[in-house]
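These are the structures, in structure tokens.
Presented sequentially are two complexes of subunit A, the first with subunit B as partner and the second with subunit C.
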Partner chain A sequence: MPFNQKPQKFNASINTVEIGCGDKAIKLGGECTFPFYTFDAPMENAPKIGVEVSDLGIASNIPGIQKFYEGASTIGEIAKKAETMEGADFVCLRLEGGDPNGEDKSIDELIEVVKEVAEAVTCPLVVEGCKNVEKDTELLPKVAEVLQGKNALVMSAREENYKAVGAAAGLAYNQKVGAESAVDINLAKQLNVVMTQLGVNGQDIVMNVGSAAVGYGFEYVVSTMDRIKGAALSQNDNMLQMPIITAVADEAWSVKEAMATEEDMPEWGPLEERGISMEVQTAAAVLASGSDAVILKHPQSVATISKMIKELM
Partner chain B sequence: MAKFITIGERLSTTAPAVNKAFTERDPEPILARAKQQLDAGAVYLDVNIGPAENDGEDLMKWVVELLQSNFDNVPLALDTSNKKAIEAGISVYNRAKGKPIVNSADAAGRIEYLDLAAANDAICIALCNGEGLAKDNDERMMYCQTLLERGMEHGMDAADIWFDPLFLVVKGMQEKQMEILEAIKMFSDMGLNSTGGLSNNSNGMPKHIRPIMDSAMVAMAMMQGLTSAIVNPNDKRLMETIKSCDVLKNNTLYADSYLEL
Partner chain C sequence: MALTGIQIFKMTPKKNCKECGCPTCMAFAMKVAQGALEISKCPYMSDEALAELSEATAPPMKTIKVGTGEGEYTLGGETVLFRHEKTFVSKTRYAVSICTCMDDAAVDAKIAELQKVDYDRIGERMHVEMVYVNYEEGADKDRYVEMVKKAAATGKTLILGCKDPEVAKAALEVCKDGKPVLNGATAANYAAMNDLAKEAGVVLGVCGADLNEIYDTVAALEKAGNKNLVIDATGSSVKEAYANAVQIRRAALKDQDRTFGYPTIVNTAAIAHGDRNLQQALASLFTVKYGSIVVMETLDYAEALPLFGLRQNVFTDPQKPMKVEPGIYALNGADENSLCLTTVDFALTYFVVSGELERSGVPCNLIISDAGGLSVLTAWAAGKLSSTSVATYIKENVEDKVKCRKLVIPGKVAVLKGDIEAKLPGWEVIVAPLEAVQLVKFLKDLTA
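Right after this comes the complex of A and B.
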């Protein structure tokens, strides 16, 4: 019997969310198939790659990263360099120096950093807070304000502060809003519900449903993303049709495989290779599970994932 | 599995206010009732214009256009014994939000409603009755077969025939209730869709009792595989029960605010 291909058709699609302005603006989402199921229908937009930079500068002990940013000293120069990375679609600025348990930089100081980066780059900008809920509740609305007109993605509104962050970024200053949950599928949906009830347009929300490095509870990440895409497409659940962005770099470079020194673990081989490996594997896996964008750090990871996306499209 | 599909029943000539509005072509009461039902979560709206022997075609067109232009092409069930009126309604119907439903065929005098649905690429409610009530499930399933074959002969997709076991009133036919539920299970085991006028079961009961009985019935029927029902969506208890059952059946992903969706 001849093989008759039956495309898996859904009467639903993931929202398309545009970030940035002008020529370099990017579109996340838009697909009406499972990830890379291009045999069912073309993927509307290729998944996008962001390069992570931090207000703490290049604190990396990784030679490949140091070399890439050679000569860049201010955060503006670093960000400018980051956007030239081969395969990069956007820059993600992490304001980790704001953490009260770390450097505890003031909001004013951090806003200066945001301004400097926004002026330096022409590509779309994603700004992440410091992950301390109280600080971010104060910081992120100011980030949204200072980036007016840039159509940036502000990450993230969480269960504890979605009102402040959602209202500022999504309502007052017309940015895109990240909705963050930590591998909790019901909360991921709930956040979208309450944010839209607040008045934020569902088309302006990008979900960050959490991640883990490969090998660290990653199967929960996969099942969360699978279930979200399944509900979004096959059950036409419009509270789950927001595209997904995943901050891979932070997770991948914080596990022991990417941190243990070569002196401690000579049998594991060079540290840099291990880190790249973790980053590439995690990114490939979340993209295959439904992420519409990943945030990475190492130039080689960015190049590798970019090639993978091109070849699978 | 897909979410349970509710068909709002409140636009019917059996309600005097609606009947009057249909006759006088008065949009306001119709739009108000439609809005109440859609706000409460109805997916489809049933438009029951009665026999409408005189001006059925004109009336059905008018209602279809009125509702679809005011409520973003809301999908509709066209409910009348006047076949020409159903065809007229379909001729102006916009399918953007779902196919029209022909309400309804049976396995006797109204079997041709299936042909009508097939010719118009519509969904058809297929009442598993012959000239009278099916006396048991053997007879009911025979009617189901007849209807299924008729639809498929005319090129319908089986998924577009929604089988109605005919819900029966508890007061008088209490011993039939489990039989109806078993018929739903049989439809479901055959992979068929199903629907019906669920609140028949509580006919004649005190007003405060009906939402309780209807909720219990819908929960048991959904357990058996019922995929849709013609209901009063403004019955809050009933709608909450349906939403909860949709969660338990994994038809929809749970979120704390699921009752508000």
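Right after this comes the complex of A and C.
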């Protein structure tokens, strides 16, 4: 007697959100199954991979990253190089230099960076703020304005500034809006509710539900994503059917395992290997939990995760 | 399959004696079906009925034990597909593989290397728990047995990847006391392998070309009386391995199909041969989704640090917070004169705070007292973090070890400053910022 296969069919699906224009445009989401459950139903769109670049240039001390960007000095050149990375689907520009506790670059300066990157790349563009709420509230609407016609994803509107960011990106300038919450299904849903009440089309929202590096409270990430996908598919909750994007690089490369030098931790081996491992494994785990896109940094991580996705599709 | 009330009713004596506390046997059967009463409440049940019922109410996934002594591991026994529904119970175990296709020097090097990773993370020993010894068809039997001996000498629990009953027999001779897994029953050889496994008293791994073949082989082995099994879900590709692992687990837990109610092995060395990075991505994938044993070609520190961290996270009980041991943690080469900081024993808090403190490079003593594994504000609200708890801990455990008399307390409990100072004469209490990310700047300013 053969195995009685019982596919799990849902009458709901994750929204499909298109980012970018032309033949390089990408679609996030669209699936009606749990992640990579292709034996239940085909997965509409493969999860996508973004390459992170920063307005601060190549500040990295990682040889593999430095080597990859060799010869690129301006942010435009760096972004151009990033989009050629094997396995990359989009470029994510982080405007971390805007942080008032860091370089505190002016908004005009940052907007110039955005313009330069937008002109340099042909792939879809995701722009992340500097994480300082006040600065982002001013900065991100201007980013949305300058990227008109590019169909970019602007990250991120948060509970504190969703009105300014959501209205500019989602209503005034026709971009896609990232909705950022902190690893909690209720907060994620609440933000989607208030953004749609503001008038932003739910189909234009991509969620960034927060992450952690594996080993650092990652159980909350798994359970938050499991529950969001569960509610979106089995309960047809349309306030949780937005695709999920996860900024892995930032988390993975800032934990001890990816930062301690080899002199401090001789038995751990080369720093670069540890960073790649942290990035690859964190990305694989968020994809297994339901993320529709991941943002990575190291060329080897991008190649590996791209291969894994291809093999699973 | 779970039995209905009617099916249970048919097995009752139907005499309505009321000794079970129910007015009729029918009412009793209905309650048993709902799980409200134990079948043993009826004093007149026949032995056959009891056996059949205990079978029907058995857990959906079997708990299988492999290895001996310190190397004994429990696999399976899961009851939910997602950890938030209850909890996962048996951790994924990791094995490094050696193979007859490797030369002796490579085998020796691998065996030496896989023993290197061994460290503690929040009270848990992290190391490679198993060695997968793979036999390729046609290889020399004696050489395989020698490899098995070498692997057994590490004290790790073995998995014998061997489909040839004659070779398996010889290998079991030298390692069966360590309770290895014999991974190699197929549709073609299961009868012979079953005899070997039973005789040696070891767990048998079931392989097959696809889920149907595996299903039939498991059913045949169960019929032959062997329920001490694991299922090799690897298949021929990454896609197949994932589909197998998910469907086996889902069939057992969601669809109550007991034939698939066994732990699984996923061998990434077979489906991503030579690709270290893809293997570690897959190890992560199968830790989150349903691999009971994951086999890799290497597991060095770089791969182990995230992987064991992931496992420790995923297999925590959502109802029980992760805790670190109370104590004085000296960071950045701190000594008895270095600044003291205190926070709670919730593991996430500890990791975030200690990470930031390390980033600051400032030598300091992080003092962790017992706060029930709760975060700062929760512990404070629950009375587990108070001026008394902090003062008592410092008096009893810190004052005789540390000379510095400056204590930094979490910004969220700034309100405790006065009370702690009153209870700890001679100490200066300093309030830290609200968020851990601000600690680097705070410490640099403080020590400037």
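What we mean here is this: the second predicted complex is superposed on the first by the 313 of 313 C-alpha atoms of A that agree within 3 Å, B and C clash if a C-alpha of one lies under 4 Å from a C-alpha of the other, contacts with A are read in each partner's own complex, and residues count from 1 in each chain.
One rule holds for everything that comes next: contacts are C-beta pairs under 8 Å (C-beta built on N, C-alpha and C of every residue); 3 or more make two chains touch, one makes a residue touch a chain.
Every value quoted in this text rests on a predicted model; they were computed, and no experiment measured them.
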Which of the two partners, first being subunit B and second being subunit C, lies in contact with A:V214: first, second, both, or neither?
second
First (subunit B), second (subunit C), both or neither: which does A:Q148 touch?
neither
Going by the contact rule set out at the top, does A:E267 touch subunit B (first), subunit C (second), both, or neither?
second
Mind working out whether A:Q66 is in touch with subunit B, subunit C, both or neither, as first, second, both or neither?
neither
Give one of first, second, both or neither to describe whether A:R227 is in contact with subunit B, with subunit C, with both, or with none.
both
If we overlay the two complexes on their shared chain A, which of subunit B and subunit C does A:T282 touch? Say first, second, both or neither.
second
First, second, both or neither for A:Q197, with subunit B first and subunit C second:
first
Starting from the residues of subunit A touching subunit B, keep only those that also touch subunit C in the other complex, and list them.
227
Considering the complex alone, what residue numbers of subunit A touch subunit C?
1-6, 8, 36-39, 101, 213-219, 222-223, 226-227, 230, 255-257, 259-260, 267-270, 273-274, 276-278, 280-285, 287-289, 300-301, 303-305, 307-308, 311-313
How about subunit B: which of its residues touch subunit A in the complex?
2-3, 251-257, 260-261
Residue positions on subunit A within touch of subunit B in the complex are 185-187, 189-190, 193-194, 197, 227-228, 231, 235, 237, 239-240
In the complex of these two chains, what residues of subunit C are touching subunit A?
82-84, 116, 121, 211-212, 214-216, 219, 237-239, 242-243, 246-247, 250-251, 254-255, 257, 259-260, 275, 277-278, 280-285, 287-289, 300-303, 305-310, 312-314, 316, 318, 347-348, 351-352, 355, 358-359, 441
